[in-house]
Amino acid sequence: MRPSGRDLSEMRPVSIETGVTKHAEGSCMIRVGDTHVLCTATIEDRVPPFVKGTGLGWVTAEYGMLPRSTTSRMRREATAGKQGGRTVEIQRLIGRSLRAGVDRVALGERQITVDCDVIQADGGTRCASITGGWVALRLAVNTLMKAGDVISDPLIEPVAAVSCGIYAGQPVLDLDYPEDSEAGVDGNFVMLGNGRLIEVQMSAEGATFTREQMDALMELAETGVGELAAMQKAAASA
Amino acid sequence: MRPSGRDLSEMRPVSIETGVTKHAEGSCMIRVGDTHVLCTATIEDRVPPFVKGTGLGWVTAEYGMLPRSTTSRMRREATAGKQGGRTVEIQRLIGRSLRAGVDRVALGERQITVDCDVIQADGGTRCASITGGWVALRLAVNTLMKAGDVISDPLIEPVAAVSCGIYAGQPVLDLDYPEDSEAGVDGNFVMLGNGRLIEVQMSAEGATFTREQMDALMELAETGVGELAAMQKAAASA
Amino acid sequence: MRPSGRDLSEMRPVSIETGVTKHAEGSCMIRVGDTHVLCTATIEDRVPPFVKGTGLGWVTAEYGMLPRSTTSRMRREATAGKQGGRTVEIQRLIGRSLRAGVDRVALGERQITVDCDVIQADGGTRCASITGGWVALRLAVNTLMKAGDVISDPLIEPVAAVSCGIYAGQPVLDLDYPEDSEAGVDGNFVMLGNGRLIEVQMSAEGATFTREQMDALMELAETGVGELAAMQKAAASA
Amino acid sequence: MRPSGRDLSEMRPVSIETGVTKHAEGSCMIRVGDTHVLCTATIEDRVPPFVKGTGLGWVTAEYGMLPRSTTSRMRREATAGKQGGRTVEIQRLIGRSLRAGVDRVALGERQITVDCDVIQADGGTRCASITGGWVALRLAVNTLMKAGDVISDPLIEPVAAVSCGIYAGQPVLDLDYPEDSEAGVDGNFVMLGNGRLIEVQMSAEGATFTREQMDALMELAETGVGELAAMQKAAASA
Amino acid sequence: MRPSGRDLSEMRPVSIETGVTKHAEGSCMIRVGDTHVLCTATIEDRVPPFVKGTGLGWVTAEYGMLPRSTTSRMRREATAGKQGGRTVEIQRLIGRSLRAGVDRVALGERQITVDCDVIQADGGTRCASITGGWVALRLAVNTLMKAGDVISDPLIEPVAAVSCGIYAGQPVLDLDYPEDSEAGVDGNFVMLGNGRLIEVQMSAEGATFTREQMDALMELAETGVGELAAMQKAAASA
Amino acid sequence: MRPSGRDLSEMRPVSIETGVTKHAEGSCMIRVGDTHVLCTATIEDRVPPFVKGTGLGWVTAEYGMLPRSTTSRMRREATAGKQGGRTVEIQRLIGRSLRAGVDRVALGERQITVDCDVIQADGGTRCASITGGWVALRLAVNTLMKAGDVISDPLIEPVAAVSCGIYAGQPVLDLDYPEDSEAGVDGNFVMLGNGRLIEVQMSAEGATFTREQMDALMELAETGVGELAAMQKAAASA
């Protein structure tokens, strides 16, 4: 029995509200249960040095949590003087994941930065960031295409992510915070909407797991990503 | 004529939505035109070293802007490795302003941290932070009083703030970004709801001003704060 | 009765000694009672990026306190690894204040950096820095004019600053440290020698004040700045 | 055909030399082909705050690369002023992986820090660090057991790691640098000697992969870890 | 022929003005030609952790240069975010040198921090800092002895320092900046007033030197330190 | 009697193993007793700004200690966020020393960076770094000469360094850690193989010394450097 009463393969209610900030070229607020992440996409002409002159585009991401997005207040990273290890790990994952779904030739030599800021956290913030981040990216790319700056669509399939884990001995989909803090094994699964894999991260804190358990989590993840991809498409075309 | 078509003494539409995040002891989203600030208040038992053992309470504030709250993307301060000078100046102002409206004896030896995070900026973010920050503080204090942890109300009058400036030669109330970036003289006025002054900051960038102009801005500010204080009370008691 | 025995509207003895360091293009040691600040002005051809190519000049300031300028030793900011919030706030104020008295077109595309280093502190260091900083700036501009690098004088009126506050219930001019640490309300007033206002900062720590009190402090400040401006002119032309 | 001429499922030659530094409680130099990592284990009585008083042990890891361990010289992280994102990610992985193989009750309230410093890099440094790090940990625990400070062995099975990837369209075991820099998909697999999984990280840079490919890499990894575990046991008991 | 016209063994004019700041327990301004250093000594009851409980005293030093103490403006170290390598090296030398002349048992478990801030630089700032720093230290110790907090004098002989170098092929005493920037070999010599050596640092930038040259510099240094010690004693007893 | 049983003028066994890492243009592991330092030399075409366009070469050095190179584990400097004062001092010494033995005209406008990383420490790491660093530099220069990039040999004599000190009242050569931690006076002597001096640093911690003692240490150092230079030549030509 899950704390929330959900079925083992039941995700939390998901909503994706677009156009939530007037300055960004693309933006959305994604809500996965009580996890709320504001995602914005910024288009810039300048690219990182290692891309300059290649004609290729670049997509990168940054991640942050508001100090009181969590149960007890976290120290603001700007005050601490640096981004923590967890933050750096997550934003590298988001950037890598989104790039896997981008045709960098079609995008052309420009950079899109996706900022994912957690307004309220209840587990699964990195997955929500990837899923919502893709919608913000999609909307920013739409403006480039409408303006004729990009001709061929660099985004074919949505990139979405979901977490799964072994909770109370059973494989469950989309861990919320109470589950996440108890699960000995959990994983993050990033995929294209068509089911191809981008990143699989399974990890056991003070525990181990079997191939069979791994396969069970993969099955759940495929279901979850399918649902998310449908919602991403709907939100981006609304 | 103001860019927005407003009268000289007309504020932008203001709304204060409370209870916007489930973790904080008090929270609101304040919207002053297109300036949106999320304010949360966190109660903690630990106090700063210089307060320890005095029996007095402490109220402090932190301020941040999301990277794409602005027209063009700002560098994330956590990435830059420190808070900029403007950020530090603003959060010190917010903290000082809120403390002026607090009876620290009545609050008792505990700390309340008010976080003001700008979701979308269009001028006047520091004033909106103070005004919204007080509502979050009020709600947090309410939980302490309901729980019986605080007996005598440490907050009598609201603390509110508004900016005024000389735009196109005329004194105007509540500058938005297009006005703010053109105004040679502008000021921030922090007051109690009853009109007593807490902080007056008038500043000219590459210009100067007269006592008469200063007095005209003070008049406008008093009008504005009066309106804001009524909205604060309404929001906090909703 | 003031701790120093001064009248309510009596400033501390002020002296401004120029030419105190052989390397700087302009320099002075300003002594306001026991507050001693060394001010130097450095002319450089390079300007900040946002000024480049505009043909306009730039004036900026930095502020520091020697570790034992204060009653008990302060930690050296270079050791702490950053400038504190108070330092940043003060040096931004000094720079803004001095710029208000500069014709940036007449100065031409060059930068003057005014360094204000507190050798001994007894209250009012930011005001002494502005007042002395202007003298250093004046002397540096003189060298530019003598060399024919600047033709039209970019400095017409002196920029001077003084603090006032409510001490023991009475408005007093030019707070020294014992007064400053007790005053519930204090303000810094930056003006041109002709009385036009540049910056007014009035602030109450754990208190509030009225329009009448504010006006009384303004009156005192005007007197003080008048006296300072005369001394600045005398020092710079000596 | 692999650049090194190895078979698809052939690892590079591995050697583990123990006792390579006289100060550490446990140490080894692990060489996986041209990748050489010096691993040391340090026992300390003090534990992190979140462990204090629990009676449980703690194992943590740090990772570094000598500036010229790589083809072209890298900037020293101590000079850069911080550990880069990649370093932080890797050392968190090493620590988490080693802890999965430790009975923290049996270890008792003490901390063992495993330092993994790359002397020469040719791909697979994080996997070599985990594999060698476990040997250093094993030797340090041996000294605790010999001294009677630990009674029941907290380490049952070795923890070992290997990388696999899709190179030139084919799944290969133990990527060296030339393969790693070309592979669109690669993964790191951390397991116990008995085959149970600890961490699986599969990632595609600018590409995607299928379940079938994932399964093929898993098969290779199981083979590799089996070989490594045998070498770890031999080295630690030598 | 030296740029200043001095004889080979002639020091610059030296003056030591004491009591230059009202807050410090000991202070002086030392002027060695155009090199001016403000030295203050601060007595504190707290000692560093490695001294705590030993009953021994501790003397330490910090060093800084005002931004425009030099020909062209230096970046402020507080802005740069850290003390540079040269600063750290110098302040470690000053501390070590002063400690060599202190009877730490007689001083008792307290710390004296000597701050040496260069107001104007013209070569030899580290030597002037040591020489002036000792006078500040002497004055601070005097206050402890007058108060009866220290009974037996912990300072017997002055600690003084002077630089020598090979300039234009000849050994010269007390290098000024024009000499220092040309000299291929230079040294700093720290001694007690009685001629015993504390620290000898001879260094060649892009050159080498012989034992004979080294001995010649030592001779000059002994002369110089003798003169300085007499001035230190006179200043401290004035 | 020395702890190690060595004669007063007896060095520890020294070995210099070259070619220890495949990436660096020159490398060696120098072992002076139980002090082991890995030295690598990296050739780069880019030079520091102050060298650019001069046609001259540049040699610089960096120094580090592995966290467990010492008896108890040291904090990793990359984690601490900066290089400590001792590290900075040492690497500046190594760079300065090596440059004294380089004909910068003959080297041509390129930079060689010598990294000295202490694998195991038992006293004298800075001297071992200089001695081993020169061998790495020699080997790197050899590759430039073989390639015809450098015609005239920029390195004529080896640069070597040794420490000496007063231990138990007697002058001894090549202090190991037990001696170093007890010696009241110690010095580092850097010389060319032909006996010319590059750097002499003698220092007393809480003590003083005489000219006679200084001369005795110089004698020992000359003996030591002679032996080291022979070993350097042998190693570099092997």
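Going in written order, the chains are labelled A, B, C, D, E and F, and every chain counts its residues from 1.
Here is the rule we go by: a contact is a pair of C-beta atoms (placed from the backbone, for glycine too) under 8 Å apart; a residue touches a chain by one contact, two chains touch by 3 or more.
Source: prediction; values computed, not measured.
Colleague: Note whether the interface between chain D and chain F is symmetric in residue numbering, meaning over half of all numbers used appear on both sides, and answer same or different.
Modeller: Mostly the same residues form this interface, as more than half of the numbers used are common to both chains.
Colleague: Rounded to the nearest 5 degrees, what is the angle of the rotation that puts chain C onto chain E, matching CA atoms?
Modeller: 180
Colleague: Find the geometric centre of each of chain A and chain D from their Cα atoms only, then give the gap between the two centres in Å, rounded to an integer.
Modeller: 28
Colleague: Indicate the whole-number Å distance between the mean C-alpha point of chain A and the mean C-alpha point of chain B.
Modeller: 33
Colleague: Distance from the CA centroid of chain D to that of chain E, rounded to the nearest Å?
Modeller: Comparing mean C-alpha positions, chain E is 51 Å from chain D.
Colleague: Could you state the distance in Å from the CA-based centre of chain B to that of chain F?
Modeller: Those two chain centres are 59 Å apart.
Colleague: Using the touch definition from the top, which residues of chain E touch two or more other chains?
Modeller: Chain E, residues with two or more chain partners: 82.
Colleague: Building nodes from the protein chains and edges from chain pairs that touch, which of line, ring, star, complete or other describes the result?
Modeller: Ring.
Colleague: Starting from chain A and stepping next to chain B, give every chain of the ring in the order they occur.
Modeller: Chains encountered around the ring, chain A first and chain B next: A, B, C, E, F, D.
Colleague: Within their complex, state which residues of chain F touch chain E.
Modeller: Its residues touching chain E are 82, 85, 88-89, 92, 96, 99-100, 104, 187, 191-192, 196-211, 214, 218.
Colleague: Where on chain D does chain F make contact in their complex?
Modeller: It comes out as residues 21-24, 27, 34, 38, 40, 42, 44, 62, 64, 66-73, 76-83, 87, 113, 115, 117, 119-121.
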